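After the structure tokens below, expect a handful of questions from me.
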Amino acid sequence: MTVSREVELEGHIIDSGMMQSCFGIIMDLGGSFSVQEFDIGRHKDEESYARMLVEADDEDQLQSIVHELHQHGVNPSDPKDATLVPAPDDQVVPHGFYSTTNHPTYIRHDGEWVEVEDMEMDCAVVVEDSDSPRAYTKVLNAIEEGDLVVTDETGIKVQPPERPRDSSGAFGFMQGGVSSERPSESTIRKIANAIEETKKEGGKVMAVCGPALIHSGAREDLARLVREGYVDMLSAGNGFAVHDIERDIYGTSLGMDTESLDHPRHGHKHHIYTISEVIREGGIEEAVESGTIESGVMYECIDNDRPFVLAGSIRDDGPLPDTITDAVEAQNAIREQAHEADMVLMLSTLLHSVAVGNCLPSTTRVVCVDINPATVTQLLDRGSAQAVGMVTDIGTFVPILAEQLLSED
Amino acid sequence: MTVSREVELEGHIIDSGMMQSCFGIIMDLGGSFSVQEFDIGRHKDEESYARMLVEADDEDQLQSIVHELHQHGVNPSDPKDATLVPAPDDQVVPHGFYSTTNHPTYIRHDGEWVEVEDMEMDCAVVVEDSDSPRAYTKVLNAIEEGDLVVTDETGIKVQPPERPRDSSGAFGFMQGGVSSERPSESTIRKIANAIEETKKEGGKVMAVCGPALIHSGAREDLARLVREGYVDMLSAGNGFAVHDIERDIYGTSLGMDTESLDHPRHGHKHHIYTISEVIREGGIEEAVESGTIESGVMYECIDNDRPFVLAGSIRDDGPLPDTITDAVEAQNAIREQAHEADMVLMLSTLLHSVAVGNCLPSTTRVVCVDINPATVTQLLDRGSAQAVGMVTDIGTFVPILAEQLLSED
Amino acid sequence: MTVSREVELEGHIIDSGMMQSCFGIIMDLGGSFSVQEFDIGRHKDEESYARMLVEADDEDQLQSIVHELHQHGVNPSDPKDATLVPAPDDQVVPHGFYSTTNHPTYIRHDGEWVEVEDMEMDCAVVVEDSDSPRAYTKVLNAIEEGDLVVTDETGIKVQPPERPRDSSGAFGFMQGGVSSERPSESTIRKIANAIEETKKEGGKVMAVCGPALIHSGAREDLARLVREGYVDMLSAGNGFAVHDIERDIYGTSLGMDTESLDHPRHGHKHHIYTISEVIREGGIEEAVESGTIESGVMYECIDNDRPFVLAGSIRDDGPLPDTITDAVEAQNAIREQAHEADMVLMLSTLLHSVAVGNCLPSTTRVVCVDINPATVTQLLDRGSAQAVGMVTDIGTFVPILAEQLLSED
Amino acid sequence: MTVSREVELEGHIIDSGMMQSCFGIIMDLGGSFSVQEFDIGRHKDEESYARMLVEADDEDQLQSIVHELHQHGVNPSDPKDATLVPAPDDQVVPHGFYSTTNHPTYIRHDGEWVEVEDMEMDCAVVVEDSDSPRAYTKVLNAIEEGDLVVTDETGIKVQPPERPRDSSGAFGFMQGGVSSERPSESTIRKIANAIEETKKEGGKVMAVCGPALIHSGAREDLARLVREGYVDMLSAGNGFAVHDIERDIYGTSLGMDTESLDHPRHGHKHHIYTISEVIREGGIEEAVESGTIESGVMYECIDNDRPFVLAGSIRDDGPLPDTITDAVEAQNAIREQAHEADMVLMLSTLLHSVAVGNCLPSTTRVVCVDINPATVTQLLDRGSAQAVGMVTDIGTFVPILAEQLLSED
């Protein structure tokens, strides 16, 4: 005896690979299927439709197949309302809670599909039951006793974004995966265009920055991009800010003069002295106001009111007074920025890029730049619909990008 | 008109490279020198002695030369007491405070040399003035108003450890730098010997672990090493513990069955479910006691009373109740462990290894294992006297190490 | 006015992704299509069938679409004979010659489909016209005046191998791509099974070896695998053989004792002395016979009649008398081995693995092991249907593999 | 009973590390020493002098110590003539032949020191005995029967170049080792200066180029550098030339349009078509003359008479008629270029850079650029006195370098 459920697929289901994934999932999980209706888009613009009966040996197996299917956008043809169970305690989710993907998601409540707000992956979905019900994600540690948490698999619809077919637009190149075998200058030109297009659409650009950006001499050009409004907000670590400010106060980065390449012998102390100076002032903003800090990325953020998050880590010296040392608090600050961003530039940092990437829906544009191909691969592996990775030297990338953006004004 | 100061060098000053460094520093910084007395060790066991007059154009230049020299173990022949200045406020050091190296260091106080306790780099030195004066390091954020902080360059003696000449002992191979071109099994055998020797001396072994250790299937063997007492304490991140416990509860790591290599299609949810289960229980110890967790690295730590530190980071899911999310608190916990360790195994984690490395004096033995040569190079670059790096697969390293250690019992 | 052609797809055309690729190609190249017949496999075992009309703006565009389609296994529904043009000169192909993929390929000649022999990519196809016509690949430099070379796109059928659905067999894991996040010992166990299965089927295993295999201490275990018949033939460079023989004669590799890790100070001369000794003897076989070489990989090859190819390169010292210094001759020797191999182990060499990979049809099993993830990715990127990459240390991989294979006998 | 020999050290023997190496060697090899005379340079400009008695347990040990010492520039105080033994056969050196370092070397013959010509490492030294005797290196495969080959250790003087103390000149930065943490644009500016300085001195600049240079879009700028005379000669592989010419004929590299980043679907055939076209013409020069090739690096080499060597390898398609497929012949051609070069730019190729590096004396300036830090490390590890490595993207490096060099004219 087998159990079965009917599911539907709609859209460019062949072209997008959805149908292939669907067949694969069913077979991988040991189920079987029969196609009951199949209406193929006869031209390239037409959508297709398929209705299938999924069969499994028992209810458990069927559930796990249907669970996988719906994560790939295949939904039951007879949707029911989502199951809501109150959280038994703060930070404790009900058993069998639904853990999110990063794709646009809808919850069926009182027979209506409600879009889930603030989509990001590995969260619970909480529904506010009212006349106009809302659904939104919550990370586990934010769950409060009594929150109505979506559990099980029913009443949930996931819509993985289709990768745009047309590669001719400003963002068309952003599906190219990672390659160190692409022409560097042309790729940077494309990225510059995508940033301009995003700004023209009124979008916000977020830069996620690692300290290598400073060591490699790209600080001044990033500062210009912040000043000129091509970077709307910034996420980095304590070290990034310290290196940026060290360059301002002492002219060095990691103790090396970034112009002359000289390495003043006592330069390795500049790092810790810089921290000490900023602590003495009370913070970066205070140090800018007092004139202690007169240039650089952090300076331009303060001077032009670009919000920044400095997240602490266990390898920090200091930390600076501005650094959020609690990881959960820092995540919340990053999350807020990430949800506002329309395009994210991940510049030479794995830790902070992963943290930001964790909070992004799959619809946000992502550019990821690092000299380590493994880092770029790992960051692009998160299923964004428009993402491009570039294996290059951040110390030449930022200057060329800035030249592209600033000389075209 | 020039200024000058007399300095002394003692020990195996040619063999250790000290004399060469010293000449280099003086010339690099634009000074000059004349050798006033030079008594070379005529045989390989004899120590040498040199007395030199260092000359510079002005007092600033002289100070900076003497500063560099003393960081390499060259000390003024006419030592004065260290200068102590009270900290003006909490977390605020006096101007010109002395920032430490990770080498054994002595402070001259009331004409006596006092050894600085808890040596680690980039700290201030605080002196407790009393009948039996003490000196110890303090990180910047731990400074309290009124602390007597060592400033300037006088009255400080640094003793970089000499690398042992004799390479025949158990630790003799631990000066080999990084290489992926060394025979793997022989190197692991040497590391096993060094661990045994450390245990025989009554020393403590600390393991610093990244999640790759679990993914790569080395979990069971590390657990055995913890159980059998070859690992006395453990430092890791939230992710390591979650992956370890996921393997226990669901048989997967990152959703992959580590035995069959099957990838149960809903396995990617195991990670977040694991966190949820441990939160529900209240913590790892509670989950062990209740029987929810029955095996693995964390289980053995609990079961055998091996202390562990789980430090949070902004890329964590969860986090687990045991994870210290505040970076400063986590550093303090790591610091305490690091100061107790006689040998540190850095296993496939850059972030946590740097954090631990920051707290280690240069006399602690360090073994660093990673598949990325850049990580190993970066970690070995901290000036430990006995350190070895190995570019290998942690998933084969730990099993072979465990076999060496456990079959020899 | 548009031009059009009818094409057919057969098999697991959705499950295998063929249909998706096909739609993508047409749209990427600016064409359009209408599906004229679509018969979907209603159960997982049934094959599907589709007939489509491909439309384009002009004949050029249509040709290029049809060209791409047929490289993905989509064939015209009205096949014509292939066009044959005689080569105008030695090493000179006719304009518009057909350049091969590495997939099984058929040429239509006199109304019959003839399978192309010795498939490999980037070759011309030469047809021998006779009562029983043959078709085979020729590399450009082997073309002789008058060879009948297939040109244009008609009359050619390509069949990309389907990736096996069922992952439960001995080779089921060999579609896993590259990952450094898989359990190492379990993966090696799977590879051992696949080797055994290949041998049971009467297949031949070819090892492609880089010098790192020797430096990392895996020499003895590879030698055992050669002796015991798990490696049937070997492809390597001059350096590999020299390092292997140096270990035999001097006990060192790159001048380091692979047991004690000691580095005899004059050890760096062993390399060049080894070459000199073998030249003096006249070759490896002579040196084995005279007793100069008494153990190791090359010794076992000679002693057990396992054919080997040593290909020269511009970085060689020496070279040994056995080394084929001409690249074209060496390629021919490698090609002959590659065409005989049923399974290829690529062990820590990019250069030789690429050379071998260039000669392999897409149906040969490939295992690629390297500590550099970029190397593994590059090697797996060649479209073999059964290939697996492992990022690990060759110095632990070979010993564990040998233990698996040799202890199970 | 011990044996002993007296040796002398002269020059900046402490500052250069020579004395330290010398003590280390003796102790590592189990010998002992007593310093008999030591005259230290009392100021930074004065040279030092030391005379030591080296003692060992037997003549073998003593020889091996003295052998090592003299490779580091320590020479016996009582030099004898070098021992010359005729080669017994073609390609066969006498037993115990002296294998060279890459440092300037002198052979004592008839009581006179004769400088060895064409220094490179791992060669034999052949002496032409006549009124004005000459000594020069020969690789093993070039040895002819009867050649007088230097054997044993006596009568040989090696002078490792001292690294220049003064870092202020045009080449002062070229001792910086490898770092990805240096400011990129400033470093490129320094390299540009060093190239200009080399040209001003009448020196020759050799470029060693990998295909990544073309894929990454740097082709046009390298072509300009060739045209304008900043590159005097070029060493590359078959693939580099093919990719360069593909870009000219088809506008693609690896099938990708390097301007638009479009990937024409049939573009992957361009590579093999390009080879076919050049074979048809008879060679690159013929294809330039006929107008088939109209631009690019190879075009500029032909057009401006810059000699080039294209060395074949087993992974080549084709090869082109210009490619030297025999590794030994190719080495000889590379060797000739390398001996003429005053500065070598190694641009994104490990294989060809190692081949060139093998032929360079330690006095040639070397700049090594690659995106893979392991490649840069390996290439810099050859003991050149003036070498700098840069971990960067060749696709941005060459354009910025060209801008520096060409805009300053």
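Letters A, B, C and D mark the chains as written, and numbering starts fresh at 1 in each.
To be clear about the criterion, contacts are C-beta pairs under 8 Å (C-beta built on N, C-alpha and C of every residue); 3 or more make two chains touch, one makes a residue touch a chain.
Remember, predicted model here, so these are calculated numbers, not experimental data.
**Q** Hey, what chains does subunit A share as contacts with subunit D?
**A** The common neighbours are B, C.
**Q** Which chain pair is joined by more contacting C-beta pairs, C-D or B-D?
**A** Top pair by contacting C-beta pairs is C-D.
**Q** Quick one: point me to the chain whose Cα centre is farthest from that of subunit B.
**A** The most distant chain relative to subunit B turns out to be C.
**Q** Quick check: how many Å separate the C-alpha centres of subunit B and subunit C?
**A** Spacing between the chain centres: roughly 46 Å.
**Q** Using mean CA coordinates as chain centres, what's the gap between subunit C and subunit D in Å?
**A** The separation of the two C-alpha centroids amounts to 33 Å.
**Q** Report, in whole Å, the distance between the mean C-alpha point of subunit B and the mean C-alpha point of subunit D.
**A** 38
**Q** Indicate the residues of subunit B shared as contacts by at least two other chains.
**A** Counting only residues that touch two or more other chains, subunit B contributes 28, 167, 374.
**Q** What part of subunit C is in contact with subunit B in the complex they form?
**A** Those residues of subunit C that touch subunit B are 167, 173, 176, 180-188, 190, 212, 215-218, 253-254, 256, 258-262, 371, 391-393, 395-397, 399-400.
**Q** Quick one: which bits of subunit A touch subunit B in the complex? Just the residue numbers, please.
**A** Touching subunit B from subunit A are residues 25, 28-29, 64-65, 67-68, 91-93, 97, 99, 122, 139-141, 265-266, 269, 271-273, 275-276, 279-280, 311-319, 325-328, 330-331, 334, 351-352, 354-355, 358, 372, 374.
**Q** Considering the complex alone, what residue numbers of subunit B touch subunit D?
**A** Residues 14-17, 19-20, 23-24, 26-28, 32-35, 38, 40-44, 165, 167, 373-374.
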